[in-house]
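For reference, chains read A, B, C and D in written order, and residue numbers begin at 1 within each chain.
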Amino acid sequence: MAWTREDMAARAARELRDGFYVNLGIGIPTLVANYIPEGMHVTLQSENGMLGMGPFPYEGEADADLINAGKQTITELDSSSYFSSADSFAMIRGGHIALSILGGMQVAENGDLANWMVPGKMVKGMGGAMDLVAGVKRVVVVMDHCEKTGAPKLLHRCNLPLTGAGVVDLLITELGVFEINRGKTPVRLIELAPGVTVDEVKAKTEAAFTVAV
Amino acid sequence: MAWTREDMAARAARELRDGFYVNLGIGIPTLVANYIPEGMHVTLQSENGMLGMGPFPYEGEADADLINAGKQTITELDSSSYFSSADSFAMIRGGHIALSILGGMQVAENGDLANWMVPGKMVKGMGGAMDLVAGVKRVVVVMDHCEKTGAPKLLHRCNLPLTGAGVVDLLITELGVFEINRGKTPVRLIELAPGVTVDEVKAKTEAAFTVAV
Amino acid sequence: MADKVAKDAVEALSGLLFDGMTIMAGGFGLCGIPENLIAAIRESGVKDLTVVSNNCGVDGFGLGILLESRQIRKMISSYVGENKLFEQLYLSGELELEFNPQGTLAERIRAGGAGIPAFFTKTGVGTLVAEGKEVREFDGEVYVMERGLVADLSIVKAWKGDAEGNLVYRKTARNFNPMMATAGKATVVEVEEMVAIGALDKDNIHTPGIYVDRLFKGAVFEKRIERVTTRVKEAV
Amino acid sequence: MADKVAKDAVEALSGLLFDGMTIMAGGFGLCGIPENLIAAIRESGVKDLTVVSNNCGVDGFGLGILLESRQIRKMISSYVGENKLFEQLYLSGELELEFNPQGTLAERIRAGGAGIPAFFTKTGVGTLVAEGKEVREFDGEVYVMERGLVADLSIVKAWKGDAEGNLVYRKTARNFNPMMATAGKATVVEVEEMVAIGALDKDNIHTPGIYVDRLFKGAVFEKRIERVTTRVKEAV
């Protein structure tokens, strides 16, 4: 029984530590905010220029001047601060964010990540993803283990254009958790979702990996 | 009858234009603020992080948190704003200041300026002078025509370490005014102080110059 | 002082527009965009524009209206996924596109305004973004050189401004506006509120007046929201 | 949250000092200097320091007291003309000195904090400052490459701060403090006033708390003035 989206978000939340400043990408990563343990102080950065993102506003209270990087309306906290895009990415590029959790299209043994472009299809743009993976201290990718076609996404080498080279620290899929360590060590499968076998993972993975569950 | 320090400041003030943002150096350039024509709107920048410098405070009203680049206590105006040193020099380096008026030790035909260091003597440092001459659109130097020894200071080439290469637009001394034009054209003497002759200027100047008074 | 205050967008832009020019436009998505100035640029008919903006509006609003009128020749952006017309024009070759990582775009603009012609960044190393650019190692890490960016005109949206051109922005509507204000040969600003000189807190002016050539109080601020996301108040 | 608030300078610095380290110290002249932290560093006896600071205090105050105690091995500054002891130590070879143009120093620190290892500037081209550095032409102008600068520790003086480490500065006491707050591996801050979280205006926080590791309310703020210059009130 593979993990659900919510399970994956909950697992990603276990990478949080007290006092962390964190950037969460669009999709499952956004759900991670719902699993911050009670009493743990985590500050969410939004790369469009905010530290201390609050929850969605109550109905009728949305403010057009207050959105997150996914263009959703949000709220502020007592501790929030606003700044320009240049200051925001100075923060990201300068290594001041402890953790980035983001989605992926492909992850490779060498820590490469592709998540912004499929040649021949429409290109939407990389937004802040390249800056995040280049600048943030620890990068966790949360993605489906395979494509809808069944093709594996954890590969020897990415064949889609890269978002960053040698940038992924940890990969969470519905089947389990992989230590990628930016390609500095061999990939290790370190957790399995309940009911998932190593054989199943091997069948659905192109990358070589050792098993340490 | 050569110009006094006050005369030189008044002459330098004639380089001001309505709406100008201006940086004034230490010494005679500071006096220029006293000669801004009535009704002309000139905004003074202080490179330690202020636009819209006001006059010295009244006795007993000095604020330790409000000084100019010469470390003198000053006041603010209604229109003032404060910013960091990085933002201040972004403004300077980015060419947003229209005019810088500063002192000099030597000026050369090619527009070079030396005003920060005498080898073998104590070096105090260039402070913001190198940034100002490199970044500000128009650079006016106000200095004594000769050293106390009588040695000329308007030279073929500077022999002191440079503050900037090819940066001086105009030179004002107690004897007259020289168009330097960053060395792009031959030096021209364009004004004489009352009672000063071209011959006197020639005798006290090493640089070649044409006369257009 | 040469008066910086204009009565509207048309007056504020007068004499500044020409075909083939480069325009920087503030905003992130539809948040903090200079909607009055965009509308006036549409009315002006100026064409063959290169527009530097993080996004390109949506179909029918923001910079999207300059796509409809085919006034934009090239976009320099980080993300344009919100706009279907954009896709069509790009695929048909009517529109040129240069993608920059968002932080690189922000820093290029900041550098342009700050007199820095080039800088090095880790962002994009080993990707398409670094192709054709100088890469260099510093202290064992590899970086790519990126160039400063300036524009003929920057159009900026602020919250409040005074007659000196001092500006403050509100919440995440700040985004690209402050850097763009520094990087335009001319900078024109629309504000929601004009305030008296001295009314803004001197310690907290986001854009000092030196960067602003003209400003005006915007006639309309529609401030559309792309994705209204809300939660329900729990019953007590 | 790991509590950022310390009771005093000694507690705030505990575990962060070591011989031979590099320290950035905010302030311009004596304006906006972290005087409580400087005093605590003097008391700690840590030595062989490289200090990055625009100036080096005056005889007997500010960083000048670390010269007296011979704790500084090298200064990276733009102007040190206020200090006679400095001159003696420099001429006798006891003190190393690296001059940076003030704007280059500010930008190097900003770059260090922003993950930019190097940038190009016009400042210093054709002068001693450019010697031994790469110079390069961009668009017909010559520039020199300067490197980003980081420190083991940044000591910062702010006006107000909250327990998250959000800071605001006052008037020209801001100067180098905000950039230095971003460029220290550790950043320790003294404030004149600790305020409740939420008391600072969110649109106007000069240094977001992410940059601050520890902060405390300074015990003493002598705030000496180097040059009190005043005018006389005209009789009415």
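One rule holds for everything that comes next: a residue touches a chain if its C-beta (ideal position, glycine included) is under 8 Å from a C-beta of that chain, and two chains touch if they have at least 3 such contacts.
Just so it is clear, the model here is predicted, and its values are computed rather than measured.
C-beta contact counts were set side by side for A-D and B-D; B-D has more. With centres defined as mean CA coordinates, chain C is found 36 Å away from chain B.
Taking the mean of the C-alpha atoms as each chain's centre, chain C and chain D sit 33 Å apart. Inter-chain centre distance (chain B to chain D, centres taken as mean C-alpha positions): 28 Å.
In chain D, 107, 110, 114-116, 121-122, 169-171, 174, 202-203 are the positions where the chain touches two or more neighbouring chains simultaneously. The set of chain A residues touching two or more other chains comprises 76, 82-83, 89-90, 92-93, 135.
Chain pairs that touch, as defined above: A-C, A-D, B-C, B-D, C-D.
The touching residues of chain C, counted against chain A in their complex, run 28-32, 54, 77-82, 87, 90-91, 97, 99, 101-107, 109-110, 121-129, 159, 169-179, 206, 223-233.
On chain B, the positions that touch chain C within their shared complex are 18-19, 21, 41, 43, 45, 51-52, 76, 78-83, 89-97, 135. Here chain C touches chain D in the complex through residues 107, 111, 114-122, 138-139, 141, 143, 147, 168-171, 174, 201-204, going by the rule given at the top. By the touch criterion stated above, chain B contacts chain D in their complex at residues 46-50, 55-74, 76, 82-86, 88-90, 92-93, 112, 117, 122-131, 134-135, 161-166. Interface of chain C with chain B (complex): residues 1-2, 110, 112-116, 162, 164, 166, 182, 197-198, 200, 202-203, 205, 208-211.
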